[in-house]
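Shared chain: subunit A. Partners: subunit B in the first complex, subunit C in the second.
Moving on to the complex of A and B:
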């Protein structure tokens, strides 16, 4: 019985938060004269009610898993990084220039090269914030946000400038990838391979932070950097590595947007995944495994918001109300839960 | 609500959570929207429908088609140009049984609309932006667009007539051909009133950046500009800022007259109900998809906003005369010789680029008289 309780414990605050948020949302809608119960059913139907709905949700969730890691891994080392959108932008850009040099190659090595380019570019971008923090004492939250603006500006400058495909008149884009270099859907479903990589990397990172010496050391640095230094841990290196891995994940999200969705780098792929990842990571308490669940939740809210608009003419902002309510509830219940644990 | 009601709803929710819900057992099942005898039309917007700009212009046309008999419209706003729009199109097809979809943002076309059109060959996709090419793009896709530079030319006439210092301002999103064509047409309209008129242009870098747009508006007015116009998704803050600072404004996309009762001169508006109605009619009658649809003033694709109180009788007369010539179809805006603002001749003397000239589709210069850089 105790074993069951301890297994179920982490899910209790989660379920309570979901129920509370649903209730709040229903009251909010009812107060405005919308059919509240129908809306709740549509939320579930639109997000998880059919195999189509699941694929819709998972397609939206895939990039968020990777951009959330850009917040979660640095957070393990005690850094608050919010500039994942910049890492996604430079990652997409780096990945988009690779195929031009690989005409006629088979797809696999090109994809590996693109992924490496995206990962390294995104990783280096966030590692820059870590270095500024460690070597110059600059607040990494501010620097990563400002670097995101710079990354996006660089992206637009190059996509509208030297990297622009002259045929892309009114939607400046890089040269489109050859058909054979595009990443398709996973077998048996219509969700692209980005979902696989998102889940896999979250699982691997979950293992790394919990089961490896490196992950433990990063956690020590995050807990108390002075103590870590006294214990002889290479604090600077660990911070840089955590940020590099996080930024790399966001860069990889950019590469996947290029290769699996857009077929080129253009401004449309900067759709705010980097910022949405902040929300996902905080809601998951920076736990890579929790990120998978939270990303699916946010993806589901996106998918059901779409259905709510079409069926009962709710404005798009209603989705934001639901999402906001859900995350406030998640954080509140999590806090209550932790207090409870401590009291025991 | 009673406790048993809540319980039964919870059961429904739980049942739905199991994959592959049995939709026929649900009060609000998937099949509900597929009214068999009605044409279900899906409309997708990139921004909010009440933005006083690009999306509102589309929504105004949608309000008209909603009244057509045999048509049921479903709408979704703020859909980004990512995998989200593909999923929205698919959801409209699968969950709402839509067979005609209006994808109204330019960036939806490639790859999103093209991908869905290939996957759902029996569904029609109408895209706003004029990109469809015979032989390259699928037959169930069509694109519609308007020659709005005609109205920008009329804007230029009203602007230069109202301006004291003949210094006009243009706030633009990106230096792409469509936008450059509008800026140049605005200048040529202004110069038809006063050959010394100038247009200062500021590019903000993206379609919807209200803070930058307000800064640009203030900065232009500080430089002595007294009439502002723009090409961004929502001209709202620009028109409001001009009004607050006592400057005049010319609108874009939809009418912003309500936001500036004193200073709003006129505006370049889309009149999308014309293509929307044509495409829906062809669909209902079972005729092939209208693949390419473009028009200007005379075809009812664009229209100028009614004149505001600040437009003089003389300016109205001049503008109306040009409009009459455009309605007859013999008023080419781009006539040589035209020199760009670096001194290079871009249209030779004696050469006339008509409304549909493909050269205009690739415009990559700002004419002499425009102060600014691409």
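Moving on to the complex of A and C:
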């Protein structure tokens, strides 16, 4: 009985939060005269009701898994990073400039180069916040958010400026990737390979965090930096490394959006995956394995948007309301799992 | 008339200070007796000092008096009548007020606003013109001078302390209790504030009871003194009649402590002391607020000796230990371990066998949310047999960590004996044992220890002392920082006194003069 309870305990606040968010969402809609129950049914149907819905959900879950790691890995080191959107933007930008120099190459090395460029750019972007925190004592949550604005501005500046493809008239974009450089769908489904990489990287990070010396050392730094210093661990280096890996994952999400979804870097790519990743990571309690499931949940909410719009004429932003409600409810219900008096 | 508005008029400060007597006050916290039948007599209109080391029970006694902890036995007499003080409200009714060590002011508000806030019975609309005039009249009736319109955030520490005192006078207190009022002041500010209070007692308008461990202030301003030691009355008398040396001896040591210190030295002094393991030269370090805390400290510890660092808390010991542990950056000076410049890196700790038992182990030496097994692995999780595998990634062998933890738990008697328990769920003594097990199971060459038995019961204390002694006999160099002089006298081969960030006194334990140690601890050498 006790074993059951302790196994169920972590899921209790999560389930309660999902229920509370659904209730809030229904009340919000009912207050405006929308059919609330039907809307909730449509969210489920639009997310998981058909193979088409599943494909839509999984395509959205793929980048979410990677941007969630941009929150989860720094969180292991005790940092609250919320600037994944910026890492995604600079990652996409870096990845988008690679193919121009590789005309006529086979696809694989180009993809590897693009992935490396996206990873390094995103990683450096978040590592900058970590460095500011470690060396200058600047709050990493705020600096990462501000850096995200800078990253997005840089993205727009370059995409609408020097990197703009003159042929892109209404929608400023970088030069489209050659057909051969596009990342296609996985066999037997219409979901692109990004899903495979998202799941694989989450699994690898789950292993790194739990089973390697590096992951343990990062956990010590995050759990108590004073104890880490006493044990002689290189606190700054570990924080930087964890943030670099997290930012790299978000940068990789940007690269995948370019190579598998949009075919070029343009403003449509900045659809808020970086911010939704914060929700995913918190819902998964920063556990890389839990992120896979939570990304599918949050991806589903996003995927249901078009169905809500078509059937009951809800604006597109309605899914954002549900997401936001879920996040607030999660933070509130987290306290359910905390026992005893809070330590100072 | 309401007693508070009543207190606003200057004429009311003419009333006399209160006479207070504590009679056999006993206070227990669980099994721990913080105060054991302590009596104290404070005469009306006198400046009385309460002396003692950290943990002697001074704060507990005054907290009983202001109603925060009603005592289990004994009681208080105010002006010759017995009063049952059960709550701060009772104390307020008797006009007993306390100024705490740390400021309780609203920094963004003015002096006048802070004074009114203290009153706590403000009307919905404040008639500022009337209140300001009343406050100005009140200020005139005291010797303190402050600008009523000044923002508290802009005041110097000495002025803030004056405002704290004014708040209590404004409430009409007849007995003012001050808990180490000068710990945040410069000597000049301290003299000014204490001098003014002293003047008010000379007029008989006020009685002051001051907690201190600075003999200089006691001799300069005190009339009577009560000295506590380990929850018991160690002595009392008039300041002029007791010498500083006598007060120091009452405060820090019984003759029992000295003899137990000698016992240990007589038995072991013959053993050869080895090479210098830890050498600190000209060390400077700032505290969290950025003010210099360690100021040019020199210290060395040799193999096979325990060097005890005595001192009143707040004289830089904490910062010194943090520098040695790698938790704080030194601002200047050098730390050498076995002759090598020491940066507290993991490689150096391993190479030179540096281990440590910091104070508050859960905060300084453990990851609270991690298991006992993981915490016991903090020193060596990254080397065989706890790590290994292909690539240079290094995979963690959790089973090996757990197996070793089981053995250590057994050897050191940690309870509960499940290595998977989160260490934050262990009691203080068991956390300390778990850390001890981790730090002493390796090849210890240098051990930095700070207040290792703080808050532990007798048996746990004995066990830890035995382990330290054993490590020393096996040739470890041990630096032991402690606020408990008896502990230092019992364990150390050499004792140094740290005062205001430097070593002020040094002696072999066998020849240490307890009274001198006390004087240097109190910043009153020579």
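As a working rule, the second predicted complex is superposed on the first by the 270 of 344 C-alpha atoms of A that agree within 3 Å, B and C clash if a C-alpha of one lies under 4 Å from a C-alpha of the other, contacts with A are read in each partner's own complex, and residues count from 1 in each chain.
By definition in this document, contacts are C-beta pairs under 8 Å (C-beta built on N, C-alpha and C of every residue); 3 or more make two chains touch, one makes a residue touch a chain.
These figures come from a predicted structure and were not determined experimentally.
Student: Which term applies to subunit B and subunit C once both are placed on subunit A by superposition, clash or fit?
Tutor: In the superposition, subunit B and subunit C stay clear of each other.
Student: For A:234, select first, second, both or neither according to whether it touches subunit B, subunit C, the two together, or no partner.
Tutor: Only subunit C; A:234 stays clear of subunit B.
Student: In the overlaid three-chain picture, which partner chain does A:40 touch, first (subunit B) or second (subunit C), both, or neither?
Tutor: first
Student: Taking the superposition as given, does A:261 touch the first partner, subunit B, the second, subunit C, both, or neither?
Tutor: first
Student: Looking at the overlay, does A:141 come into contact with subunit B only (first), subunit C only (second), both, or neither?
Tutor: neither
Student: Would you sort A:220 into first (subunit B), second (subunit C), both or neither based on which partner it touches?
Tutor: Only subunit C is touched by A:220; subunit B is not.
Student: On subunit A, which partner touches more residues: subunit B or subunit C?
Tutor: Comparing touch counts on subunit A for subunit B and subunit C gives B.
Student: How many Å separate the nearest C-alpha atoms of subunit B and subunit C in the overlaid structures?
Tutor: Minimum C-alpha separation, subunit B to subunit C, in the superposed model is 31 Å.
Student: Using the touch definition from the top, list the residues of subunit C that touch subunit A in their complex.
Tutor: 325-327, 344-350, 356, 358, 363-370, 374, 378-379, 381-382, 387, 393-396, 398, 424
Student: In the complex of these two chains, what residues of subunit B are touching subunit A?
Tutor: 1, 5, 9, 12-13, 16-17, 19-21, 23, 26-28, 30, 33, 42, 48, 74-84, 86-88, 90-92, 94-96, 106-107, 109-111, 129, 174-178, 205-206, 361-362
Student: Which positions of subunit A touch subunit C when the two form their complex?
Tutor: Residue positions touching the partner: 208, 211-217, 219-220, 223-224, 226-227, 229-234, 343.
Student: How about subunit A: which of its residues touch subunit B in the complex?
Tutor: The touching residues are 37-38, 40-42, 44-46, 48-52, 54, 56, 59-60, 153, 156, 160, 169-172, 192, 257, 261-263, 266-269, 271-272, 302-303, 306-307, 309-311, 313, 315-316.
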